[in-house]
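Next up: the structures, one after another.
You will see chain A twice below: alongside chain B first, and alongside chain C after that.
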Partner chain A sequence: MSMNENQPILSVRDLETMIETKRGEFAAVDGVSFDLYPAETLGIVGESGSGKSLTGLSLMRLLPRGIGRISGGSVELDGSDLTAIPEARMRKVRGRDIAMILQDPQTSLNPAFTIGDQIVEAMRLHRKPQPEGFMAMAVDTLRKVRVAAPEMRVKAYPHQMSGGMRQRAVGAIAISCQPKVIIADEPTTSLDVTVQAQYLRLLRELQEQTGMGILFITHDFGIVARVCHRLAVMYAGQVIETGPVKRVFDRPSHPYTQALLNSVPKLSGHQGRLPAIEGQPPALWAKPKGCRFSPRCPYADDRCRAEQPPVTHLGGEGRDRHTASCWRLLP
Partner chain B sequence: MQRFFLVKLVESAIALWVITLIVFGLTHFSGNPVGALLPDDASPEQVAFLINKLGLDQPIHIQYLRFLGNAVQGDFGLSMKWPGQSAMDVVLSRLPATLTLGGMAMLISVVIAIPLGVASATRKGTIVDSFAQGIALIGQSMPSFWLGIILIWVFAVGLGMFPTSGSGTWAHLVLPAISIAWFQISALTRLTRSAMLEVLDAEYVKLARAKGVSEPIIVWKHALRNAAVVPLTYFGVLAGSVLTGSVVIETVFSWPGLGWTAIEAIKARDFPVVQSVVIVFAVIFILANLLVDLLYAYIDPRIR
Partner chain C sequence: MTNANTPVLEVRDLTRHFDITSGLFSRQRHVVKAVDGLNFAIPTGQTLALVGESGCGKTTATRMILRLDKPTQGQVLVDGQDVHSLKGAGLRGLRSRVQAVFQDPWSSLNPRMRVRDLIAEPLMAQGRPSRKEIDMRVAKVLDDVGLRPDHAGNFPHEFSGGQRQRIAIASALISRPGLIVLDEPVSALDVSIRSQIMNLFKDIQQEYGVAYLLVAHDLATTRYLADQIAVMYLGKIVEIGPSEEVFNNPRHPYTKALFSAALPGHPDDAHDEIVLEGEMPSPLAVPSGCAFNPRCHLKIGEICERRTPALKPIGDTAAVSCHLY
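Entry: the complex of A and B
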């Protein structure tokens, strides 16, 4: 494996995903580009409906059949374009190269099978058995995600475990085949705060051990600040700003990012009433012609409303690259 | 698991006991059996003798206990229509015929309905789905006795492929089994379809796909295992309706089973046989539901 630290493991370019609705077919993911580097966590942040979850599903090619399809762009992993390979090969990629952690541990484990069986199923598909057998490997994997008494837990059914424990089991399934990339779609929203903190710490530790890249899909800036190295802010199907977390938090450049960060409560200092962003994000079928954010943007002018802004490079290269798409950033 | 089994066993026993109460009650409220047993010109001595012999002069609870005591031993008295045989012997000798027919009908419905339901769910909105829905609609719209007569008319009388009625060979089994099965197929197909549609949307199916599991395994292992609870529930009801349905279908096809026996016994006012049939039907029904409960526990670990 050529693990160049500064070579992205996953490169997404101009990804476009169409969604079929009663009013016709519309681009729900609308030209998304980003890179994911080894041992890095990239936060994909946005409101519900911004296309962040669909981006995740597009990478896995698990869009709901007959409703969603990838209509353009590329997803490069290890030199091959995942949007172009046949389904049979894609199935080998799923679970082995890219794994997924879903939102709700309550429902993402199959109630009819034991935890051990569900971990073993993934390993049986993608790995060779060690002499001690798959079940022993499953016990090992559970130990890695800090499940107490893993020898007992492999025989347990999901309903016999707590929510936090179940989400760890989902994590165990995800890391069971040592993937290069994990897509975590709001993995902690349904957990209570202390369990959430433990889980995030666990993810970070696993990442340090394995060097996997994590794509962390969330709407929560607090989590982004805690676990992500970089972030990409999505609005109406587009990435409108991306960069290292610290840099973006210090110098948010897109008015939408600024507004979002302003609406997060702060612990220190006096803030008064939290500012809200006026209006609603546009519906899929009613996107504005120019900048997608222009109807809600306090600075928008005629050019903003007429033409989409280009990506502006604001500094840094590679992992440090900071870009945003706003007309006002141009001289 | 053992505890679950024990609870179900006790429940079944209670259900059976309630049924003996009902059977006993019904025969008592339906009038004095002496009138049916003796000719109209019987002397008062003869009537008194029979009342005494049958224990009808005893208090009602004593009569019930005697009935229950005999029932536990399978003794419901002698048949009147089939002289020389005990009622239970008559019924038990007809039981295999009904079980063969009912079993065949259920086998046909499960073997056809489950794959059909699964296929129509996974190919929702396609021609396969419409075909399955069509089969289901037709089956639910036709009364089974009418279907039986039409099948006789077309395949026995018209094409001469199967015998019109009676029993003895596998060929005799085909038409009555299809008559019973089609209606069951309808309900089972639709239940399987809707249960599968719901389960295929579940997060754990999404996660299975994300693991790289192939579509057939997702459908038949991950999804069906969870969807199966719904058609399985219906299976308990199915066992009952196959039995009650057999009363009609066995008459249409002159199939010498329990249903046919029940009709004959009712026509002849053969109360011991009618009682025995009802009890045997009840036992089969209870056993079928006990089996369903056990299968539940096997399929869904949360129930154990």
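Entry: the complex of A and C
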């Protein structure tokens, strides 16, 4: 690999995405910053409405037209700012340099075309055909995602495959052009436990082979613990804590991260009463002043309710950098 | 008629087969054995969880228990009475004894009904209570599920997902049932809301002494709520036993693999995942012998392909169906 291991391949700075609702326009992604390094998996963790999926769609510039728009910040991939390039160039970048895997393989595949046709469609846009032709390359890609009997499966339609197989096919389309970054938005939510385990292992193996960076959007800390190197926790449109997975699990510093990690039932050990977080996340149009988490935070005081806390650097640099945004972390 | 030792729910040899004709003019008929001879019982105030992956038959089993489907063979006994032979008043009585809470509180609540009427609906099946009595009982269950009595006049769309699930629980509780079927009751909820609702299920069980039949795919949720666990594979129970015992010492190779695939609570947790080959076979073509044998990592040999293992008791409380035991 020619790229520098310690240089991020993807740098997101102060990203802001506005969403049009019946009640007006609001920032659903509200100043999000993070880096993704080569061969690394970064987990973006949050509840529904936290802005994690919209962050992913903003990076791909796939926001629904007329409803969502990027209103600030930058997304740097390989030295160019994806928020600033014209759509024609973005179309070349999408799929070739940065690709996406969505939650539901049922809706992200076209039911009227074979799996092979859909992989070839992506490759035709971005790659030169090998002497043996695109279809042979598609068979090869399916083999990479461990689809059994790929020579037969290229001719299959999505409805002829199981859920796990379909999600592998979606993965095959995403990696077919060897992108540097893959955004995976809850790719295993609709899969069974044992099939999910197979799929997560596959993603890790593909990453080891290709060195691609993976942005894994999820609500599940179990997935983060299993596949991610670093994580960024989102709440109400903002990243409130980010750091290496092990460090954040051992020393969660934001009260929201602490509460979330505590409230997840464990498979082993004592089964006492679960510590619950009272209340619920704020609506887009009713974000509290000050710290967004303050109405649910057991430690909140007047300053928390009045002013947004700054990002506090808690240790480490580069891949080891740990930060959180909470007034209590300041001296 | 019943005594204290009669389980709230007992199923005996519960079986559901579906006939499928393949092809437009074909006379070839296949039988899908969606549920194939289930036996279990839930004592008063306890929780049994059915665990398994999609296609294992847990939904078909709960449908028969709720009397939404008729068994091909076998019985469902509630308080010792066969629910599929009940008629008239006996059947109305059953409706108030068995209630259900489903996965999606967005589709399970009628959007045109006020919370009071939604919650009071099961009472209507029991006779004609007075307005005053309804209001009192609605206020009581609203309080028990952590909502305010004045919420009774609102419509479902005015509530968040967690609150809607509380409304569904209140409605299931009002007729003071002996059994509530919980079908994936927290999987549609956000992480920070889940723990609130799971705590609520435990509080309610203590206060009302109600038994739960839990269907959930998340193993940690199951472990938190269940006293007993029954693991299903292709329509059959492959292992059943007390929750602690099954989690700490899973015996069936499928249970072992399923638990090892569960996601860890911490990045340092041991990761000795057992990799299963392939996916669950189609129920149309169940492998001969032990249905799990083509994917089994502990297969003994030919016997697994030839003979279907029986569910053998282990100790007083557990049972497993595997030739290893």
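Following the convention adopted for this analysis, the second predicted complex is superposed on the first by the 328 of 331 C-alpha atoms of A that agree within 3 Å, B and C clash if a C-alpha of one lies under 4 Å from a C-alpha of the other, contacts with A are read in each partner's own complex, and residues count from 1 in each chain.
We adopt the following convention: a residue touches a chain if its C-beta (ideal position, glycine included) is under 8 Å from a C-beta of that chain, and two chains touch if they have at least 3 such contacts.
Just so we're clear, the structure is a prediction, and the values are computed from it rather than from any experiment.
Undergrad: Is this a clash or a fit when chain B and chain C both end up on chain A?
TA: Overlaying the two complexes on chain A (C-alpha atoms) leaves chain C and chain B fitting together cleanly.
Undergrad: Touching A:Lys246, do we find chain B (first), chain C (second), both, or neither?
TA: Only chain C; A:Lys246 stays clear of chain B.
Undergrad: With both structures placed on chain A, which of the two partners, chain B or chain C, ends up touching more residues of chain A?
TA: Touching more residues of chain A than the other partner does is C.
Undergrad: Should A:Met60 be classified as contacting the first partner (chain B), the second (chain C), both, or neither?
TA: first
Undergrad: Where does A:His322 make contact in the superposed view: on chain B (first), on chain C (second), on both, or on neither?
TA: After superposing on A, A:His322 lies clear of both chain B and chain C.
Undergrad: Contact-wise, after the overlay, does A:His254 reach chain B, chain C, both or neither (first, second, both, neither)?
TA: It touches nothing on chain B or chain C.
Undergrad: With chain A's C-alpha centre as vertex, what's the angle to chain B and chain C, nearest 10 degrees?
TA: With chain A as the vertex, the angle is 70 degrees.
Undergrad: Kindly classify A:Ala112 by the partners it touches after superposition: chain B alone (first), chain C alone (second), both, or neither?
TA: Once the two structures are laid over each other on A, A:Ala112 reaches chain B alone.
Undergrad: Once the shared chain is lined up, is A:Lys180 touching chain B (first), chain C (second), both, or neither of them?
TA: Neither partner.
Undergrad: Scan A:Val170 for contacts with chain B and chain C and give back first, second, both or neither.
TA: Touch status of A:Val170: first partner only.
Undergrad: In the superposed model, how near does chain B get to chain C, counting Cα atoms only, in Å?
TA: Least C-alpha distance after superposition: 7 Å.
Undergrad: Return the residues of chain A at which the contacts from chain B and from chain C coincide.
TA: none
Undergrad: Can you tell me which positions in chain A touch chain C when the two form their complex?
TA: 47-48, 148, 162-165, 192-198, 201, 219-223, 225-226, 245-246, 249, 259-260, 263-268, 271, 273-278, 280-281
Undergrad: Help me check something: in the complex, which residues belonging to chain C touch chain A?
TA: It is residues 53-54, 160, 162, 190-196, 198-199, 202, 217, 219-221, 223-224, 247, 257-259, 261-269, 271, 273, 275-276, 278-280 of chain C that touch chain A.
Undergrad: Chain A touches which residues of chain B in the complex?
TA: Within the complex, chain B contacts chain A at residues 125, 202-204, 206-214, 222, 225-226, 299-302.
Undergrad: What does chain A use to touch chain B in their complex?
TA: It is residues 60, 62, 66, 91-96, 99-100, 102-104, 107-113, 121-122, 125-126, 157, 159, 170, 173 of chain A that touch chain B.
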